[in-house]
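What follows is one structure encoded as structure tokens, with my remarks underneath.
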Amino acid sequence: MNYNDIKTIDKCTIAARGGMTLLSQEEINRMMEVGQGGVHELFRKCCLAVLNHDASDDDAMAVLNRYPDFNVKLIPRERGIHLQFTNAPAQAFVDGKMISGIRDSIFAVLRDIVFQSAQKEVSSFDLEQPFDITNYVFEILRRAEVHQYGLEPNLVVCWGGHAINRVEYQYTKDVGYQIGLRGGHICTGCGTGAMKGPMKGASVGHAKQRIDNGRYVGLTEPSIIAAEAPNPIVNNLVIMPDIEKRLEAFVRLGHGIIVFPGGVGTAEEILYLIGILSDKRNQGIPFPFIMTGPKESAEYFYQIDEFIRFALGDEVADLYEIIIDDAEQVAVKMMAGLSAVKLHRSRHKISYYFNWALHIDEKLQFPFIPTHENMASLKLYRDRPLGELAASLRAAFSGIVAGNVKEFGRQQVLKHGVYQIHGEKDLMDKLDNLLKAFIEQKRMKLPGSEYVPVFEVVKEA
Amino acid sequence: MNYNDIKTIDKCTIAARGGMTLLSQEEINRMMEVGQGGVHELFRKCCLAVLNHDASDDDAMAVLNRYPDFNVKLIPRERGIHLQFTNAPAQAFVDGKMISGIRDSIFAVLRDIVFQSAQKEVSSFDLEQPFDITNYVFEILRRAEVHQYGLEPNLVVCWGGHAINRVEYQYTKDVGYQIGLRGGHICTGCGTGAMKGPMKGASVGHAKQRIDNGRYVGLTEPSIIAAEAPNPIVNNLVIMPDIEKRLEAFVRLGHGIIVFPGGVGTAEEILYLIGILSDKRNQGIPFPFIMTGPKESAEYFYQIDEFIRFALGDEVADLYEIIIDDAEQVAVKMMAGLSAVKLHRSRHKISYYFNWALHIDEKLQFPFIPTHENMASLKLYRDRPLGELAASLRAAFSGIVAGNVKEFGRQQVLKHGVYQIHGEKDLMDKLDNLLKAFIEQKRMKLPGSEYVPVFEVVKEA
Amino acid sequence: MNYNDIKTIDKCTIAARGGMTLLSQEEINRMMEVGQGGVHELFRKCCLAVLNHDASDDDAMAVLNRYPDFNVKLIPRERGIHLQFTNAPAQAFVDGKMISGIRDSIFAVLRDIVFQSAQKEVSSFDLEQPFDITNYVFEILRRAEVHQYGLEPNLVVCWGGHAINRVEYQYTKDVGYQIGLRGGHICTGCGTGAMKGPMKGASVGHAKQRIDNGRYVGLTEPSIIAAEAPNPIVNNLVIMPDIEKRLEAFVRLGHGIIVFPGGVGTAEEILYLIGILSDKRNQGIPFPFIMTGPKESAEYFYQIDEFIRFALGDEVADLYEIIIDDAEQVAVKMMAGLSAVKLHRSRHKISYYFNWALHIDEKLQFPFIPTHENMASLKLYRDRPLGELAASLRAAFSGIVAGNVKEFGRQQVLKHGVYQIHGEKDLMDKLDNLLKAFIEQKRMKLPGSEYVPVFEVVKEA
Amino acid sequence: MNYNDIKTIDKCTIAARGGMTLLSQEEINRMMEVGQGGVHELFRKCCLAVLNHDASDDDAMAVLNRYPDFNVKLIPRERGIHLQFTNAPAQAFVDGKMISGIRDSIFAVLRDIVFQSAQKEVSSFDLEQPFDITNYVFEILRRAEVHQYGLEPNLVVCWGGHAINRVEYQYTKDVGYQIGLRGGHICTGCGTGAMKGPMKGASVGHAKQRIDNGRYVGLTEPSIIAAEAPNPIVNNLVIMPDIEKRLEAFVRLGHGIIVFPGGVGTAEEILYLIGILSDKRNQGIPFPFIMTGPKESAEYFYQIDEFIRFALGDEVADLYEIIIDDAEQVAVKMMAGLSAVKLHRSRHKISYYFNWALHIDEKLQFPFIPTHENMASLKLYRDRPLGELAASLRAAFSGIVAGNVKEFGRQQVLKHGVYQIHGEKDLMDKLDNLLKAFIEQKRMKLPGSEYVPVFEVVKEA
């Protein structure tokens, strides 16, 4: 892109929408304080990510650097907060008017970054308590109007990488299309690649079936939104505070999960889900979990599967099904799985809109901060209890993602060098191989730059 | 009524509706605690008042006594709280199923009595702060989904007595009909008499104009709901914590106010409104304010008018208009007034759904507790500033209402004898006359019992 | 009413609504031709009846005479026909604007009187063919958007007199209320009395159950609309061409029928329905049929019942049930009957919205013209086949109604004297008694005038 | 495609939808007669074309040959006609259930082919009368529920070829996207290529703007539907009886027209529109008319423009605007044009939903039957009046399209050899060049076969 081509809109003011109307003066005052102070820079960045929606995926920092003069100002109005933009990317506007869907997303950012921060200060949540964490996740989703009373349990979460190849991308669209044809709806991490394909496919399926209330839920987090800007199909955007709450939102909100090829982020998600589903307390709760990809990507899943079996045992593999190159089959099995979920919930009078019953161990719930100390103290030994090891492996992958693309992680690595991950030799060899395979398959490459590992595996006898 | 005729339904469980679905587990836990403990008796009484909706107006205590075995139990369910009733009045049911509108009202009671109590404990409102009081009033109304973005400013508050005569009742229906025909909606204190007539008339007007989203907002308070059970036309019931917050809700939510004949309660409302509208800080804010009745009731308004002019001065009379026996004229003037309100708000970008701009002095905002000491220390002298005197007069009337029908007031009077009200001789004479006229006109009679005054005017030179 | 009080609106033009928009130029041209020519006077009269909606029931001719200068002109507009009124009754307007519901009814009149006449000229219906008659009835109802795909079979037809007393009127409201509470909807002949009460009651029941799409279908005919102006609750008005098609519409559209006290018109309806339900070809088709009234009116039904048993045999009495003074019971039984109807239709894949399966003998279907010759040639002998005798009795009652209130019949009687009805002595005695009882009970009195019989029973050995 | 891959569904019955429910028994009887007799083969073919929706565009005959055992049977049901399919293409089904959108289209075929044929027999339209033709076109569109009262005049007709190249296709999507972003809706001939691209683009624009009632109207005709199967985005399909009525529907229904590159069919459309807009009687009626394509296709429009100027004069070129390679500009100008249309219609009280005011000369309205005699008698001389020459040129192009792809035309050419077109030498030279250019640019190629001209230009001095 030629930087001379960058077009901006000088000035533009937009009025509140959705949940950001009908605010009290007290809420507005609190938002002004927070939104002009502590979280302003974060809010500015997230707005820019949303406005920049059509750009090909890109280095977050590059995006931000391209619009150094961009700013957004909160203006208190009695009927809700107005936003005033200066030097905003022109692609978010048509004839000087902000595109409706983008405007909705901007107010989702206002709600989740500014309003939630302001509320947290006066709320009673003690985020050191597992019960409170779950209630807080619920509260954020409810405020975002994601929960809707009376909807069928048919929200399919799709995980997978943003840097997948054309064949894989087409396959994610095929799967989404087959799910959309069958009345399923989609929830993803809301960036590009495997996060966009299923939504795009489903939207075509919905159109053919005359389903005009298609749900395309995007769950993101502040530290990643700039790198993975919400794709324009997302019609319900929520920004969860951190990766752990985002993961909890995925599993409590979604009714089944499909995993497409991806990198370490995807591996983190898989380990997180296995950590939960292998928990004895969750036995008997149906949860459809399918890994799938085109035949060209079969190898990827065999490696993952092998690693999981080696690390956590063969029984764990009963929790998921691997289907290669058969989008229709994936959809048919997922829909059958959702029927089982519906039957179970209706029989046990459990809500369709939030899976309160699922037990999530606090090791998976508490935020893992990827300092070098925390990374170094993960103990990756196979003789540890299954749940603990799964949680530690999840944390290890999480730290690597942070080192790759999140600001905090990148700074840690810049300052202290690569992370050291310790563990049992055999297991560490397998991990090493898996990560190398990701690198070879270019699953860890950020667009435009060669990948340099941010970690080092330290084997112990 | 023959007590042998009282029919009840043994047992009945109903599931949550409206805002009481989509609750978090934490909210449910807190509600269980509160609803089974501190506020349970209040909750039980209010439920009974709602279930007893078709009974002719009656002594609250009599109603409660008629169903001594009635009870309601909160049952926590994941999808919201269920309610289990025992020995509930049969008239609330059809073929064993609770009537829909009553079910809605029951959940309004759950929301305003139990949920709000539970929330208050964890909220940040400091109800000693005027700003916080207003925000709290807003919060209660918002939670009750009374505010609706995009509606026109056409909610007409109707005040007046519950014990009016047939001619007066018919007239309130006529006025409501004329307002309904013109697209106005109605908000009242939600009992019978002048609180029911305008809604009934408006509903016919709406039907003829094919307006199928008629709004019939009822604002009540826990201490009066049993005596003035919500009439069945009310489709949006809100129980404000006390009379002061209820009055604030009326003036901030409504766009104009009509006063029909009534007793001391109505006098209290008139003084409250005059106290606000005569405040210099509210100059320039249009607020249509009409007193009206059939020709047979003309005397009533002349007495009120005379008293107001004597007590507060002739200029104050410019704030309202008195129209006798012309329902159509009342509606035409009110609608013209609402147009002025709309113009003003739209010009100044003020919200249609809540009148934040109106300044309410803290003397009118803080609860007045009708102890004998408080009543005795009201200083009713005409040389006091207008706002202060209006507030004191409002408090005096408020205390008399409490002594008549509210539990706290009645107990005070039983214990300590009638209230002593002090003030300047001339003014006290006028007040004395006004109250005597109310008694003569049977405006202070509770149905079924002869009225015995609960106060004594003490004149000072 | 003081004629000086009559207020009119000089001039007013209204634009088409509902089905009368989206017309082709050809349809408009044809309507102009018809509406300014042949049917103009009929159209004018019907419009006046609708505009005069709030007047107490009255002699049709008196209504028309009170507004001699009233006129309505069709104005062709590309987007549908406009109507221009001169000297229209003021009560149809609010602040110079026609009330919405009345405007809808006016366009129902335009559609059924003018548009249908214009269409008939180019249609292929041969109204001498029973099959075509039924299809034509369907076509009129479809055009009026009465049929609605997907609605439950819960439309209860209520028959009965317009000149009932207060106690009876209150009872019709009670029954309507109980039906409305149970989700039933109402269809009547759309005038006052027993045609208005059930709708009024049901509308209160619907409001309490928060049913906001209450259906109040009014089926009338041109020759009676002026005498029985549509009550303002009717939200779906259809003007059928003659009494026979109106009766066919009642029985094919409604899912059950309740008969309240009435005069000869009601007797005609009862005989019509018995004629159909006693037809062997209709055996096995469930059709709830209840006669009911307050205890004060019990005698009425005993007389009817006795007459029917005497004339047509005791088995015929199995087709209906008589319930005295128990509105709740009526509603409970009717709703149970509707459940049976639903089960039967859904089992046999029969449409809910039109009872095609019901066989209506052509004797009941073809119009009976009440000339003296036709009246004199009815043969009321009990040795005739059941169906034939029922049809002849129905025709006899029909002729008497015409002689009472319809223009054609009244002119016949003025010209040729009272009708002569012939038949077997015993049967004629019973008929004589029945009609006398109607007269005594003032069921045949037109308001404001003493009733003078229009017929004479001629007994034969 | 490997013919062994063809999958079919053995048997499948579907119930009526949309306008095909609520039919009278008479209508059903008439449809059975027509649908099993005269038009059955046509109905079968059109159904097959719709069911075969996802196939790449193809020779119509090839499609039909691929499913020789396919059949469809009408089954009379009281609630509307059911359809029973045997050996239907599997791609129209998901898990054995027909895709919703396809089902809708199938019932559009039933309506337009079977119901309309059945109705025509009993209708009063005299299709030799211009006024009746227009009313008939209106009637078909109304029955298809295309007209909708209250919609803005923003339906943009897009014309152009189905066999355009990738660059052109992308460009049609770009234009559709820009129009969709601005709230415009799309109407096309409903096949692939330029008929699909704008709809696809607009649907993305609508999604981004949260416009969830996007209109994608497809107007086709029986003789072309098999060759140009409705694309799956079309949500309102209408099959007009012949090309002349289809063209009339385009210009009376659409509010502006965009022409993309195409072949002779597109040339026919252009001449048709010029014939109308150059008619003196249509002066002053705004009608936005833009020709556009990517820069690679600029030559195409220069040739068309040159030919039009030469044949009909330079003034005619004022009726349209040519915009090259600027999708945004096209949309901006079209929307400005639509604003002018709205202003004009609202000022003159003309309906938004059908352009009755446009005068269409009967030469353009009457069907042109492409026999050799008719083709030979077209007189293409520039000294003829503008309107006549435009009409004759339109007919010449129409005949060529028929010879290329319509059954009747192809049979004529097979039987009698190529058409002979006569005219003035200079004009015929230009025509010759234009057609040769189309051939060179492969605009007249049918997929899969080399194009062989079906006409011969005969020049005269």
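So that you can tell them apart, the chains are marked A, B, C and D in the order they are listed, and the count of residues begins at 1 in each.
By our rule, contacts are C-beta pairs under 8 Å (C-beta built on N, C-alpha and C of every residue); 3 or more make two chains touch, one makes a residue touch a chain.
A quick map from chain label to UniProt name: A, B, C, D = AMP nucleosidase.
The structure presented is a predicted model; accordingly, all values stated were derived computationally and were not measured.
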Whole-Å gap separating chain A and chain C, where each centre is the average of the chain's CA atoms: 64
Between chain A and chain B, centroid-to-centroid distance (C-alpha), Å: 49
Gap in Å, rounded to a whole number, between the CA centres of chain C and chain B: 45
Residues of chain B whose C-beta touches two or more other chains: none
Touch-based graph of the chains, sorted into line, ring, star, complete or other: ring
All pairs of touching chains, each written as two labels joined by a dash: A-B, A-D, B-C, C-D
Partner chain D, residues of chain A touching it in the complex: 94-95, 99-102, 104, 181-182, 203-204, 207-213, 232-233, 235, 332
Touching residues on chain C, where the partner in the complex is chain D: 21-22, 24-27, 77-79, 122-124, 131-132, 134-135, 138-139, 142, 147, 149, 349-351, 353, 356-357
